[in-house]
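When the chains are written out, they are named A, B, C and D in that same order, and each has its own residue count from 1.
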Amino acid sequence: MEPLIMATEKADLRVSIGSLALQNPVMTASGTFGYGREFEDFVKLRGLGAVVVKGISLAPRAGNPPPRIVETACGMLNAIGLENTGVDRFISDKMPYLAALGVPVLVNILGDSVEEYRQLAGRLAGIPGIGAIEVNISCPNVKKGGVAFGTDPQMAAAVTAAVKGCSQVPVIVKLSPNVTDITVVARAVEEAGADAVSLINTLIGMAIDLRSRRPRLANVIGGLSGPAIKPVALRMVYQVARAVAIPVIGIGGIATAEDAMEFMLAGATAVQVGTANFVNPGACDEVIAGIAAYVTEQKMGSVRELIGALRVC
Amino acid sequence: MEPLIMATEKADLRVSIGSLALQNPVMTASGTFGYGREFEDFVKLRGLGAVVVKGISLAPRAGNPPPRIVETACGMLNAIGLENTGVDRFISDKMPYLAALGVPVLVNILGDSVEEYRQLAGRLAGIPGIGAIEVNISCPNVKKGGVAFGTDPQMAAAVTAAVKGCSQVPVIVKLSPNVTDITVVARAVEEAGADAVSLINTLIGMAIDLRSRRPRLANVIGGLSGPAIKPVALRMVYQVARAVAIPVIGIGGIATAEDAMEFMLAGATAVQVGTANFVNPGACDEVIAGIAAYVTEQKMGSVRELIGALRVC
Amino acid sequence: MSQFQQKVELICFEALTEDIVRLTFNAPKIAAMARPGQFVMVQTSPGKDPLLRRPFSIHQVIRDGHLQILFKVLGKGTELLAQVRVGEQLSLLGPLGNGFTPGSPETACLVGGGMGIAPLLFLATRFLSKSSAAEVSPKMPMVILGARNRAELEPLVDDFRKVGVDVLAATDDGSFGHHGLVTDVLTKSNLPPGFGIYCCGPHPMMAAIARLCQQESRACQVSVETVMACGMGACLGCAVPLKAGGYAHVCSDGPIFEAEKLLWSL
Amino acid sequence: MSQFQQKVELICFEALTEDIVRLTFNAPKIAAMARPGQFVMVQTSPGKDPLLRRPFSIHQVIRDGHLQILFKVLGKGTELLAQVRVGEQLSLLGPLGNGFTPGSPETACLVGGGMGIAPLLFLATRFLSKSSAAEVSPKMPMVILGARNRAELEPLVDDFRKVGVDVLAATDDGSFGHHGLVTDVLTKSNLPPGFGIYCCGPHPMMAAIARLCQQESRACQVSVETVMACGMGACLGCAVPLKAGGYAHVCSDGPIFEAEKLLWSL
């Protein structure tokens, strides 16, 4: 009977991604938050909705030669090359610290083949602290000539089904924006059993140094992220949220509480903060506090009232 | 025998798009330069490589309700709705002024059906001053449920062939970036007879106003342009230039001579300056002067040495 | 050449209130061509964010080619503009738009609300000026200005008084002049039929005045605001719906319109 | 907490030459934790362009929690930094990175080129300081500094002399000290075997010194530069190749490395 008073006491920021309950809708985006610990001086890690870790593969990967990053207008390109310690060292070296935080850990996984994804999901099954698996399908499928899994609905579905088959925790499929119609892929992974989708991963881009007449990235092309891509991300979240019934997690250029809530209005149940962590390592705290302040100020019963509440007439 | 000395006297900036010779590689992008005259106080119109005019349809179009534009991080979204006077008034009211400038006029055309594109090309055939037709295939095909011509290689090829069949001047097909693999569309229009391709048109995006909980554009979605999209444009130009044999015209976030020359290194024979015209209506002059200065300073025989000269090892 | 893109120097910075700022630029070329009701597009940052210029009415043109704008700090662009220091240079584009047609009718009532007051000072001085007699009327205009409170309104009213024009003031909180809206003042003033209205202010105020004028068959020119990318007719972004159907473009067909031509929402 | 994100006030601005600037911030928390060779990430603009922070070595920490950076204006970020005025606030992140290990060996030769001189002043004062005796050696370090010309080098050499350290100088144009490279000076100085090198400068200079030290089996710590997005080990963007294969990360494994561990190109 007194939701307004309750709201001013403590805003209700809880959301759920499938069976996974989050204390608030703000997660970190994979690859932009290390393994969490790097940020312990800057962010209240225990206050996050979830921590999404850097993409993990079966075997360790050294990554691409430098230069790996370059700044662009209101954005950046990265071609890290999926450098990571491999799943075994992740479990032994990184998970204990993360599990002790008490917030769900979302493990972002990547592979060269459907089989690799399956094995990764298997290795991660039952590890305490893991709240969900986020499947990065923007990686090239080496068996299909290097076409990214995420650009082919069938391959995307196959990966989803394989991971789903070995996971007890919710499986979130992270969609690539480099497609003609992202709703087609979203529906394909939904049908294959995905519990949620997260989007967008980076747009493929390139930068050139006129002086040396060379690409600015050793890898030639890289992934564009940051405020520059926010309009594209917002559009895709809006489209996908109307195309699927599963929860959508919005990603792309989110740096403030307003950004986050715009994604929720477009249909996102939760959001991920990516590149903004580099500029402001306290960004996630500010986003959470800003959402709480808004929910209180607007006398909303819950932040969930924002989800898909865009008024399109 | 004395190319270096000649170059310092006057840089050779000439390039060709099929049979169309340009005094320099710098054009204006459709929809960002009105019908040319608007800029007569700010730019040496006679010094441009070419003037590309606002997209023209068979019948006049009123365009979308406002708001039609919104600024985004290092970019802008537009949903003008292809407002234009229609081809007849374009020919009678706009072409005489443009033809008198003595630089090639590229007429950007758009339609709802293959038939409309064909008729447009027919109406424009033989009009003096028209140097080429630029076919905007990012428009929805109403007969195919509103799917954009540019996202389907077959429809793109059909439009190209139709326009090509009624044109004496070179036909440039302007590609949409909202596709999984832009080289597939590029090759399809090349095979259908396109004399050149220009890219990129705008990325589809969206912006939301948290306060009103409404989209910031009356049309909900719009086209993203400006510096924000330059990395995506550069990547696509690079890919397309390696996939087709016809000339490529680079577009997307170009504001300076350096930007323009980066696109040429990636494989563009010419470039178009778009959103930058709004910020700096003298932008085209500065881009041309900057390229000339570079060609002279680097003691290059011709600006053509830049085309595709990116060093990728 | 009637329009210019110019780097101009800021020669005077005045903070009228905490968030209302008047800038004076040395912009001889633009100032020489400027007419009341026209505007300039101002680049608020040399960088790419914010990307677009911002439109501001020409507030006043003073001797020696000095041009003034008056604005309220609302967002990123105006925040940056409020940080420019005397001696720094900024890129201005202008004069843009059609401007008021001050001759028709010759007897005038100027009605301004909030930052809509900005273009009216220039217009008022033109009505008074004898030097440009061909174009304007020498008759004293009536002026009604409104704002939120005394702090926002008084300095502007003073400026009108300084050039010799008397002002009827209205404030939302009653701290200065009439307590209420400029439309109340206008209604009460029993404006003679011959007077035309020249109006600039928030949309609801202009809509109300447009309705009033329509009822009285009074000529009414309004200055319209929209988002703008180019300010010069190139982008077609600044559309406003017309009563007759279709759209006009605020930057090239306006920003001044006969009120009866527009489709007023609200 | 050993790292901080802090808004700090600029309390002193010095333009050493036309394009070399030294900024002094009141940054007590970061200054208290800082060690020579560490760096800070500086936000050059409150806007989104340029988006990323820029890394700068901690040039000096002085009494009362004052922290200095010294930089050359190269591009957008440093241009903006060179326009910050005393009293304004900037966001600093730090102290970041591992820092030099000044104890090993205790006898030291500091070699700096260009802006690579920046971290060496802090290091030199630590070598001299008796207060932090546990960590550093009290022995007087030898210092060799190089730059393009007298204008760029002399003010920095003066700073070293002020804290009591003598400097061997070299300039590209011979206008100050030795005419030539710091490597020439180093070779000619016949450095005794016990001295370790602490080096920061352009890549070719460090590569040459690394080679020299390898030949003489001399300990050599170098401060490495790469592009950086985060500066704190999160983005993995700052990779440098290792001799043993794979990559190290300059921000978290460095920026100070034993020269022999790195794979030197050129």
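As a working rule, a residue touches a chain if its C-beta (ideal position, glycine included) is under 8 Å from a C-beta of that chain, and two chains touch if they have at least 3 such contacts.
This is a predicted model, so every value here is computed, not measured.
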item: Least step count from chain B to chain D, where 1 means the two chains touch; value: 1
item: Chain of greatest Cα-centre distance to chain B; value: D
item: Rounded Å distance, chain A centre to chain B centre (Cα mean); value: 35
item: Centroid distance [mean C-alpha coordinates] between chain C and chain A, Å; value: 47
item: Shared interface positions of chain C, touching two or more other chains; value: 48-50
item: In chain B, residues with contacts to at least two other chains; value: 73-75, 226-227
item: Arrangement of touching chains [line / ring / star / complete / other]; value: complete
item: Contact footprint of chain D on chain A as seen in their complex; value: 31-34, 38-39, 41-42, 54, 62-71, 73-76, 78, 80, 83, 226-227, 255, 275, 277-282
item: Partner chain D, residues of chain C touching it in the complex; value: 45, 47-50, 76
item: Residue ranges of chain C in contact with chain A within the complex; value: 48-49
item: In the complex with chain A, residue positions of chain D that touch it; value: 1-5, 43, 48-53, 91, 93, 226-230, 232-241, 245-247, 252
item: Residues of chain B touching chain A in the complex; value: 72-75, 77, 151, 178-181, 203-208, 210, 212-215, 220-221, 224, 226-232, 234-235, 238, 253, 258, 261-262, 265-266, 309-312
